[in-house]
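In what comes next, chain A is part of two complexes: it sits with chain B in the first one and with chain C in the second one.
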Partner chain A sequence: MTNPFAKPWIWSWVAAALAFALTLGLTSGRGAGELAYAALSFGAFAAIVGLGQMLVITLGPGNVDLSIPATMTLSATLALKAMGSDEGTALLGLVVALGAGLGAGLANYALIFLLRLPPIIATLAASLVYQSFAIWSNRGLRIKPPEGLADFATGRFLGLPNVAWVGLALAIVVWVVLERSVWGRWLLATGQQMRVARLAGVPVELVRASTYVTVAVFAALSGYLLASFSGGAALNMGTEYLLMSIAVVVIGGTSIAGGYSNVPGVWGAALFMFLVVSMLNSYGAGAGVRNVLTGAIIIAIVIAASTKKRGRA
Partner chain B sequence: MTDHESAPIVALTEAAKHFGPVRALDGVSLSVAPGDCIGLVGHNGAGKSTLVNLVNGGLAPSSGEIRFDTGGTALGAGVRSVFQELSLCPNLTVAENLRISHSALKGPGWRRPARAEIRQSLDTVFPDHGIDPDAEVDTLSIAERQMVEIAIGFAPRGTEARLVILDEPTSSLDAGIAEQLLAHVRRFCAGGGAVIFISHMLGEIFDVATRIVVLKDGKVVAERPADGFTRQGLVDAMGHVTAEEGETSETARSFGAEIVRSPEGLSAREGEVVGLSGLAGHGQAAALARLYLSRTSSWHARKAPEVVFVAGDRTRDGILPLWSILRNVSISILQQGARWGLVDRAAEEATAAEWKKRIGIRTDDVTNPILSLSGGNQQKVLFARALASSAPVIIMDDPMRGVDVGTKQDVYAMIRAEAARGRTFLWYSTETEEVCQCDRVFVFRNHEISAELTGADITEERILEASFEMQEAS
Partner chain C sequence: MSLLARYRIILPAVSLAVLLAATFWMQPRAMSYFGLNLLFNLAVPIALATIAQMMIIMVNDIDLSVGAFVSLVACITATFLNDAPVLGLAMLLALIVTYAVMGAVIHALDLPAIVVTLGMSFVWGGIALFILPSPGGSSPGWLRTLMTVKPPLAPMAVVASVVIAVVTHFLVIRSGLGTVLRGVGGNARSVQRAGWPVIRLKALAYGLAGLFGVLAGMALVGLTTSADANIALRYTLLSIAGVILGGGEFTGGKVSPTGAVIGALTLTLASSFLSFLRLSPDWQIGAQGAILILVLTARLVFRQKRAEA
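Then we have the complex of A and B:
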């Protein structure tokens, strides 16, 4: 444990730092503050959905939530409609968004548990329904968030973006829950071997249900903040967060086989995902080249992280 | 060929194997010649599995030398091993599993010779086995899987098996099947083959071995022809002092109220040790699992569980492989002393330290990964997990598999003591000797209870009688 490179989360941070340095290399150091600020702002949304996805993936093989984009869109749409750009409704909007997330999470789990559907199918099918709800309630209108809320979402505190503080606080809560709480132990045990956990007295269905609800609530929070940040909800606002949520979990060093979570890695990976795109942009790479290189870099990091993990075991 | 007849198939000279600071094997010299049947005994963690892995080429020695008479590899010398942890692929058929270690089978239609070969081998070792070569392994009982694994070990597989290593081969077999295996081992050795036989059941060792090798702390502490040992002498050589039989003072104990009753008729009272017996795979394990699942919930956990479970099939039912010993011990008692949903880590560590001492888990640090322990020590962790809870009912599904004699005695004593304090045990075992220690025994046949024995009626004969269908018995 003395070797810092033995920790699987270090790779996402090293990669993020490298992408940061390479981008600045082009401008010979100018704009470092702005770049870091932008990375923290945009990374926060990915980190919040990533933390939720991490908990689900920790449940073990086959567990994943593909309804994150639709849940983000639906909760953001409903929240903005409820607020109607009126001042002082931010809290109401938050409650509506989180309520929508709670509903989506319960619906997802109900499909998985009652109909015994594989989570991939259940959440993918459910996401079509959520997306349709969002379309009906939105009807092409673009409602602006209340000004105070928009100011909060784009504002800063102690030099860091407010959304990054939210993401950071959430990361700390998740870390404490995983490392110190009974529920966290139950989750990690369930992810290693569900049957073993059940025979050891772990209430595995409770754990699964609460995990699927948590990921949906996190997605709802992220959607609410993103809509406030970008001046309104759009039907495609969640699209990029489907792959993003899974990528940050995997790059962050969480085991895809389940039973092993990694909170700091998720944040490192979220920063990296933003920085690598801005790095390729500033080097003038076209959209096609950018995608190919992003994919290749992700694969390289996952290989590096997983090789280290085997060495550790 | 004749030149090799008396030369050893394999000879180890001062072979040692270190895993980091751990000296798993510390300089062992041993030679195995055709016709030898070597009984290898020692405690959990004495180095038996490491020695096996050196002989079969699974590990390279850190120092010393291993020489095969053919001059080549273990594979070329016809060395085969059958492991204690079952290593078949559950999603493949019996015949397909044979193919995995039989590379000469290829081309279209390879399944036909594979089926013939495995059926032939099963017929030779276990007459009347009733195993279909086309059955997928996960449909077989654990005893049948073990039989398949043994048959694959003895199958010719293109060359010829010359040295077969059997690591705890009978631990999940019932007495009748085990006897067939022992008979085959004797035939095999008489025909010029060699066997290394590892078992915690000393009766079997004396039954088949021509020579007995005792391992302790990675060294050979005694090696003599089998008739040079007495049973007690052998136990002493292993270095664990065990209480003599008969220490269980059979005063008529009184039991409390009935605390368990299942639809199939299983029942138990407070403070009672109830045994489940019968031929392996006749529904005992399933009955216990059903009982456990019906008394616990997957939706909520009580602060003090009502029932706990000790698994025998460790990888399937017991071990959380990514975790430390500490976390494996504490998983069932996390809610005790938890505040605000947070684990009381000081109490957790104290519990683990206490049980490491009480049950003798061989490790210097309970934060080591659970997989760093030998199989028997992993089993102790599972005992600790169950006994550390306050649950009044403890269900044990053949929990002594791979546990050494000394530890068994300790655990028996612990079970007795806990029962005297009012806890109830439901104990399925494939070893009749263990079942005979129980206060009451249910014998299973074809997934039903065929007899309920109490007190002086609990004898090996009565259990066997109830295990088999008796035509026109009365």
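Then we have the complex of A and C:
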């Protein structure tokens, strides 16, 4: 406990700080505020979906939600369509988005529970259906978000981006729920040993259902904010968040084997994923080199985290 | 057990037959040499990629980099293998070795395969972008000839699928080594206790996955004649779906190579079938998802029947 480096989430923050420092090293410190602001804005979307994915991965091996991008796109599309760029409809849009997320989450879990499908394949198949819904309802139109909502999504409060406030608030809620609530303990117990948890009286299926609904609602919220932030929903807006959501969880120090969550690490990793790209950009790396290095860094972090773990044990 | 093994292959075969019958019923002209060729044209690379994924699932891991890897191979095939065959071949061999090393490292350090392959997918994608920043390149002549050859009786795609299924069946199900490899998925510790070097077996499984990934990329270029860095990204999800459709399971080394090939054919046919349905393009992807769910539901029904029997 005395050694701060024993905490698994510290690594993502160290990596993020390092990327931040290296980027600024090039400009000899200029633009630090802007870079931090951009990282917080873009990191927020990754952090929100990452928090959801973290809860699912905590459920244990084989649990992962591959429908996050489709859910983001679908809920953002439906929300923007419902709002139709009219002022004062932001709340309606939010309700529509979260409703779409709720529906997607329930549908995912229904496939997993009723058809006994492995979650990977259930969410994969379902995501194809959601994608179709999104294409059908969007029809290539790009509806602008209402001005007030767009202002909120791109605005700031006390110097921090509003979207980052939303992401931070969610992180705190998830952290408190995991650490302090019965549901959080149930989730961790289920992830550590599902059979034992069931025998100990944990309503395992209820925990699983609520987790799959939560991840979909988080994805919906992230999609709603991202569409408002970037001036409209696009059919490919969620694509990068599939790999991103998994990467953020793992770099953040959450155990991929389940049963151990790590909330602060998700934010650190979300910032890191943005900062590493901007660092490589500012050093003039092309798209190819950038991808190779991103991949190498992800693997290096996983290896570092695993040897650390063994050293402690 | 033999009953189980037989059941495992019956369902994928029946799904494919039903889908094929439905396609013929809607479009009788597809029931010809030329029609079949069109229907299954792109099945060969998908089948090979599905086999690659199956090798990884066989040892209880999952590979999220298949799509990016096949894209990279396609880029190398369309550039280096065409212009400087020796260098191109060396690069492809190096990729296979890299895959084997990746398997060994994953086992030695006890890393989660899902994350390592996720990271590798960025690496493969990056190298592919580096080699071929914009779509282009061209297929080596011999490869093009091989993929478009017109064998008697059945079109190339069907013949190739049968060959792939037979070869991998003997490799994975019949051979001694294949049995041990499946044993690693079943219970790695037992295999280790029995005196087998699990790390080498894992490297072998990954190496085989790399080999089939390379073949998939080459087959793809032979069909499309050019490549780009994103050409096969959807293969990652397709290959996972193909393995499961073919009766494979994510854990326990329970895989079926013949089933995987049939699963890949089913997925390919599903998209052809949907275009015959004159379904609005909006719904094509969704209908593919629905077919996937339908087939997997049938699997559940089968399983319950078996439990009752």
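Heads up, the rule we're going with is that the second predicted complex is superposed on the first by the 312 of 313 C-alpha atoms of A that agree within 3 Å, B and C clash if a C-alpha of one lies under 4 Å from a C-alpha of the other, contacts with A are read in each partner's own complex, and residues count from 1 in each chain.
Heads up, the rule we're going with is that contacts are C-beta pairs under 8 Å (C-beta built on N, C-alpha and C of every residue); 3 or more make two chains touch, one makes a residue touch a chain.
Source: prediction; values computed, not measured.
Contacts of A:204 after superposition: chain B is touched, whereas chain C is not reached. In the superposed model, A:288 lies in contact with chain C only, and not with chain B. When the two complexes are overlaid on their common chain A, residue A:86 makes contact with neither chain B nor chain C.
In the superposed model, A:126 makes contact with chain C only, not with chain B.
In the superposition on chain A, the chain among chain B and chain C reaching more residues of chain A is C. Residue contacts after overlaying the shared chain place A:151 against neither chain B nor chain C. Of the two partner chains, neither chain B nor chain C is touched by A:240.
Within the superposed three-chain model, A:185 lies in touch with chain B and out of touch with chain C [touch as defined at top]. Chain A has no residue lying at the interface with chain B in one structure and with chain C in the other.
Within the complex formed with chain A, the residues of chain C that make contact are 62, 64, 109-112, 114-116, 118-131, 133, 237, 240-241, 244, 249-251, 280-290, 292-293, 296-297, 300. Listed in rising order, the residues of chain B touching chain A in the complex are 289, 292-293, 296-301, 305, 308-309, 311, 316-323, 327, 331-332, 334-335, 338, 341-343, 345, 369, 385, 389.
Within the complex formed with chain B, the residues of chain A that make contact are 176, 180-183, 185-186, 188-189, 192-193, 195-206, 255, 259-260, 313.
Taken in their complex, chain A has these residues touching chain C: 62, 64, 66, 111, 115-118, 120-121, 124-133, 135-136, 139, 243, 246-247, 250, 256-257, 286-299, 302-303, 306-307, 310.
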